[in-house]
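Shared chain: chain A. Partners: chain B in the first complex, chain C in the second.
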Partner chain A sequence: MMKTNRKLYENLSAYFLLFPDLLLLTMFVFIPVLGSFYLSLHKWNGLSQMIFVGLGNYRRIFRDLAWWHSVGISFLYTLMYVPAVFAVALALALLLSNLKARIQGLFGTLYFVPFAVSGIVASFIWKFLYSPKNGYINQALAFLGVAPQLWLGSTKQALISVVIVSLWMHVGFNMIIFLAGILDIPANYYEAAEIDGARSVTKFFRITFPLLRNTNIFILITSSILSFQVFDQVKAMTNGGPGDATNVSVFHIYRQAFEMFHFGYSASMAFVLFMIILVISLLQLNVLKSSRD
Partner chain B sequence: MFYKRTLIFLLILSSVGAVLYATGQQAVSAQEQVEVFFWSHLGGTAGEVLTEICEKYSTIEPGVTVTYELTPRVDWENKITTALATGTGPDIFTLSPGNFLRFVNADATVDLTPYFTPEMESDFSSTLYNPLESFRSDGKLYAIPFEGGGIALFYRRDMLGSAGIEPPEYWDELLLACDKLTDDKIYGISLNAAKGSNQNYQWYPFMWQGGGDILDEVNRKSVFGSQATADALDLWGTIIKKGYTAAQFPAHPADQVLIGQGLVAMQIVGNWGVNDLDEGGKFEAASVDFVHLPKPQGGKYVNDLGGNALVGSSKSKYADEVAKFIVWATAEEVDLLIRYCSYGKYSASPRVSVMNGLTSVYTKGLKKKFADLINPAGRYEPSLPPEIVDIIGDAIQNCMFKNGKGLNEAKKASDRIDEFLNTYTGAM
Partner chain C sequence: MKSKSVGSVLKIAVCSAIAVFMLVPVVLLISSSLKPPDQVMNLGLFNSPLTIESYVTVMKEDTFVQYMKNSFIVAGTVTISALLFHAMAGYALARLRFVGKDAVFSWILSTMMVPFSVLMIPLFVIVKIFGLLNTLLGVILPFIPHAYGIFLFRQFFLGIPSDLEEAATIDGASIIGIFYRIFLPLSKSIMIALGASFFIRNWNNYLWPLVVLRDRRLWLIQVAIAAYQHEYSMDWSRVLTACVVAITPIVILFFIFQNYLVEGVKLSGIK
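Right after this comes the complex of A and B.
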């Protein structure tokens, strides 16, 4: 009897403690998502009455070349950003794992600081750095004898310039996660490998990387999701330009809603983007988990 | 113990909720007099004078209080839209011609026609294009402008002097000047390279000066695919591709800080920048002057006049009071509008009586020159559906940043405009 009461008490405590967060999630996530889906079934400019169009908005998306072009830009962004953030964060974590605790903490903090900076603030700072005539980056390049670059002003360089800013912002966070995973690997594995005469590269590919599998999956999936949701950097630095070189999906949705005032249509685009991200995440999970098996 | 604590917590929560509800009820029941809310992004001295206008009206109509509320300029139109959609919007707000039509199409604006007399209309300027036309739809008047102003090509006397260049009058002179003035530190000119209604506003005069236009409004057909349009598109394309201007500047491309701080040698700035660039202004030391926007050979000088108008919300509970205030503030009041256009914000007025009063205020410097040279000859920024604004933006962007050729892009955009107009049933 006492055991049952205690279990009931523990369950109720758990629900009670989870309830506020669940309430907030319901109010600020689940209800708006349902509301957005409802909106996606209508034509609405924000002022007039909503007109029910059923799946009309979704049918329109399939014919909208500008939308699919923005999806293409997002894919390109992801292909540049995800491998870069993965590789750089892992490399930094490996370097830090070899340092003594205090210095490890100091460098870890320094690399993490950009993550604490607001995306808009970071974007404005980098916009100054990228300035073709007076920015520090081109001044540094001039010192090295390299011709000045247009960066955000070039249709060929603008997207990678945005990727670099995102990388700078997020590499610290991912590095911390990798570092935690690396430090969790038992030291005796490396000791045994050293006795067998294994080199650093061998130890990395045979011990470190395989044992980081769950961390790798987590970083790959979350980075991919994040890359499809990029907005702050684009809005602050390029406004989707030059031309439409950085017109990623979320920015395109924003434009449809707040410049064209097609709220219903933009809501449908948001759902289509959600499905794209979901499919990619599930594919990643399947492929990566099956390779483990 | 757990259940006791839970019960106490729920009791506290209920009490707080009850107090909040009661307070809210009291706040609502306290409102008995007519109070209308006027939202605008015009702050500083401009906001100060608009507040004075509201206060003066309350002395004329004691039963009506007009409360001026400043809202941030960023995403101004989105804020108004969201507020109106949720029923928390203002009774009166400011709009410019570029974003006016959408509100009319949504029946979100009060019809001011019954309150606007022919005598009032006779006081409005009828230069090249009547300013009221930008705010009319199907013969009805939905907003009344209270300020206006054109744009000009401002230049640094020191930079042009060092390069031995005269201020350009024609497009070929402009390109030559840009070429000589652009170096590794500064750009020859600042143009708005970001797609949007602001870019279009700056670009329109280049099209108009060659005789081009967007729509034949009588027949609701596009006339955008003309050689004049193509030439204007090619000009902007040439300027960006030759590196005479940047795709990104540290500040807004039309912000006078760029020329004031010597980041550009020439800049297209409007009335909003004159105070800072004139004697006694923040950038007085920059020694700036201006000329008309350069025109093509054989072209005619035309300016693009922008400016804000007062609009009444059709969702207001006091539509009659709102309309009366708007008409009084914009079409009857003179002294405070003179104060607005001089002290509040340097601008022209669409009214003859106010402009006559301003001649005694603008007596020297850039302010006088701008009033004499720039303000009189222009046409108001056209009111267009956002879809057409977007199509025009695509044409400009393709010529500036892709391999678009002016004539191809003009014709492509013209076809797209016609395609849109075939299914568009809103106001023009």
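Right after this comes the complex of A and C.
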């Protein structure tokens, strides 16, 4: 009798404690995911009656060149951002890993400072630095004898200019994760390699990099997801332009939904984007996991 | 030995150069905001007289103070509710036995996969149905639930030895009492780490407040600054000064809690 009471009491307490979060997750994540699929099967401008169109929106997406162009730009952005953030963060972590703990902490904090800066503020700082007429970057280039560049105003340079801002914002964050991973590797692995006369490059490729496998996977996947989500920098620096040079997918969806009021159609684009991100994450996970020796 | 010390001096030099590169944008932001408004495009750090003229202009605008206040309300409310709710949920998942525990836990984790861009449009509809469009509550509520926060609290509570809890149970303490009097006080470090990062994330958030808030009086600081570029057609002095004011609370928070924040980031790498 006591025992069943105790069990019931524990069950009730558990669900009492879980209740607020379960309710909020249901209302603001679970139902919206289902709702997103539901909306994607309708034509709706946010005001009038919803019209059921079945898979019509998806058929339309298939032929929508503007949409696929924006997906292409997101891919291009990801292909520039992810390898760069990975390589730079790893290089910085390696550089710091042999220094004394106090110096490591100091530089770690300094590299981490841009993490505190919002996407909007970062965008304006860099937009100011990129100013084509006599911004700091063009002045610095002039000092080196390089002609001034258009940066955000050029269809060729705009996307990479946005990538540079994102790199500046996130590299310190990723560096800290790499550094924690590197410092977790037991010192005796390196000692054994040194006895065998291994050089630093060998040590990196034979010990550090393979043992960082979980960190590598984590950084690659989170950075890829993040780069498909980029919005603030695009909205504040280029507004998708010039032309549609920086019209990344989330920005395209935002405009279709909240400027053109194509709610049903943009919900279906968001759903397709979700599938693309999911497939890329799973691919990365499988390829990298199976590369284990 | 000697070559080693030369090597580390070289390393420190490289690290310093990179640190300068990381900090230069912030330094130029601050130095530009302290120049007379008509000399912002005069490049260089100390070639203009220092003035707080642009700060006076920005702070005089009473709506600017309102934007900061709104951001404080939103980021503060999300942070406090999220810490309390996630600690409760994490405690239940880590220390209690109940029917459906594994299913609940996997369901919570599965919500982590969903990117915000997918939720944005249906969330807008839901918030509209509840009549929360154009309210701060409409910005706040959807940003409280956070599977990753629940997960980190669970991991933290799993690591606490069970003796304390057993002693308290024998003394007849209730489950909620044990959570409130024993576990909550023990979780100070993770509370600070997560609290600081929730506050920063919500202070810096832009897309969702942009979608929900139409009325200017309700704008958050990020939405307001972003709108400046149309309103003052890139009056750099004003925009940059507003940026400095907007990041000041976060930078203070950052330097007070930097160690906790770094620990929090390290946690996120462990999987």
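In this section, the second predicted complex is superposed on the first by the 269 of 293 C-alpha atoms of A that agree within 3 Å, B and C clash if a C-alpha of one lies under 4 Å from a C-alpha of the other, contacts with A are read in each partner's own complex, and residues count from 1 in each chain.
The rule we apply is simple: a contact is a pair of C-beta atoms (placed from the backbone, for glycine too) under 8 Å apart; a residue touches a chain by one contact, two chains touch by 3 or more.
Small disclaimer: the values here were computed from a predicted structure and weren't measured.
> Scan A:Ser13 for contacts with chain B and chain C and give back first, second, both or neither.
both
> Is A:Glu259 in contact with chain B, with chain C, with both, or with neither (first, second, both, neither)?
first
> Identify the partner contact of A:Gly243: answer first if only chain B is touched, second if only chain C is, both if each is, neither if none is.
first
> Look at the residues of chain A and decide whether chain B or chain C touches more of them.
C
> Where does A:Leu47 make contact in the superposed view: on chain B (first), on chain C (second), on both, or on neither?
first
> So, does A:Asn134 touch the first partner chain B, the second partner chain C, both, or neither?
In the superposition, A:Asn134 contacts both chain B and chain C.
> Identify the partner contact of A:Pro32: answer first if only chain B is touched, second if only chain C is, both if each is, neither if none is.
In the superposed model, A:Pro32 contacts chain C only, not chain B.
> In the superposed arrangement, which partner chain does A:Thr155 touch: chain B (first), chain C (second), both, or neither?
Only chain B is touched by A:Thr155; chain C is not.
> Regarding the shared-chain residue A:Asp196, is it in contact with chain B (first), chain C (second), both, or neither?
Neither chain B nor chain C is touched by A:Asp196.
> Using the superposition on chain A as set up above, list the residues of chain A that contact both chain B and chain C.
Common to the two interfaces on chain A: residues 9, 13, 16, 128, 131, 133-134, 258.
> Which of the residues in chain A end up touching chain C in this complex?
7, 9-11, 13-18, 20-22, 24-25, 27-33, 35-36, 38-39, 92, 95-96, 98-99, 103, 107-122, 124-126, 128-129, 131, 133-134, 136, 139, 168, 172-173, 176-177, 180-181, 214-215, 218, 225, 228-229, 231-232, 235-236, 249-250, 253-254, 257-258, 263, 266-267, 270-271, 273-274, 277-278, 281
> Tell me, which parts of chain A touch chain B in their complex?
Within the complex, chain A contacts chain B at residues 9, 12-13, 16, 45-48, 127-128, 130-134, 148, 150, 152-155, 237-245, 258-261.
> Would you tell me which residues of chain B are touching chain A in their complex?
My answer: residues 2, 6, 75, 77-78, 81-82, 84-85, 102-103, 105-108, 184-187, 193-196, 246-248, 250, 263, 386-387, 390, 397-398, 400-402.
> In the complex of these two chains, what residues of chain C are touching chain A?
8, 11-12, 14-16, 18-19, 22-23, 25-26, 28-29, 32, 41, 43, 81, 85-86, 88-89, 91-93, 96-99, 101, 104, 108, 111, 113-126, 141-142, 144-145, 147, 150, 174-176, 179, 200, 203-204, 206-207, 211, 222, 225-226, 229, 236, 239-240, 243, 246-247, 250-251, 253-254, 258, 261-262, 265-266, 268-271
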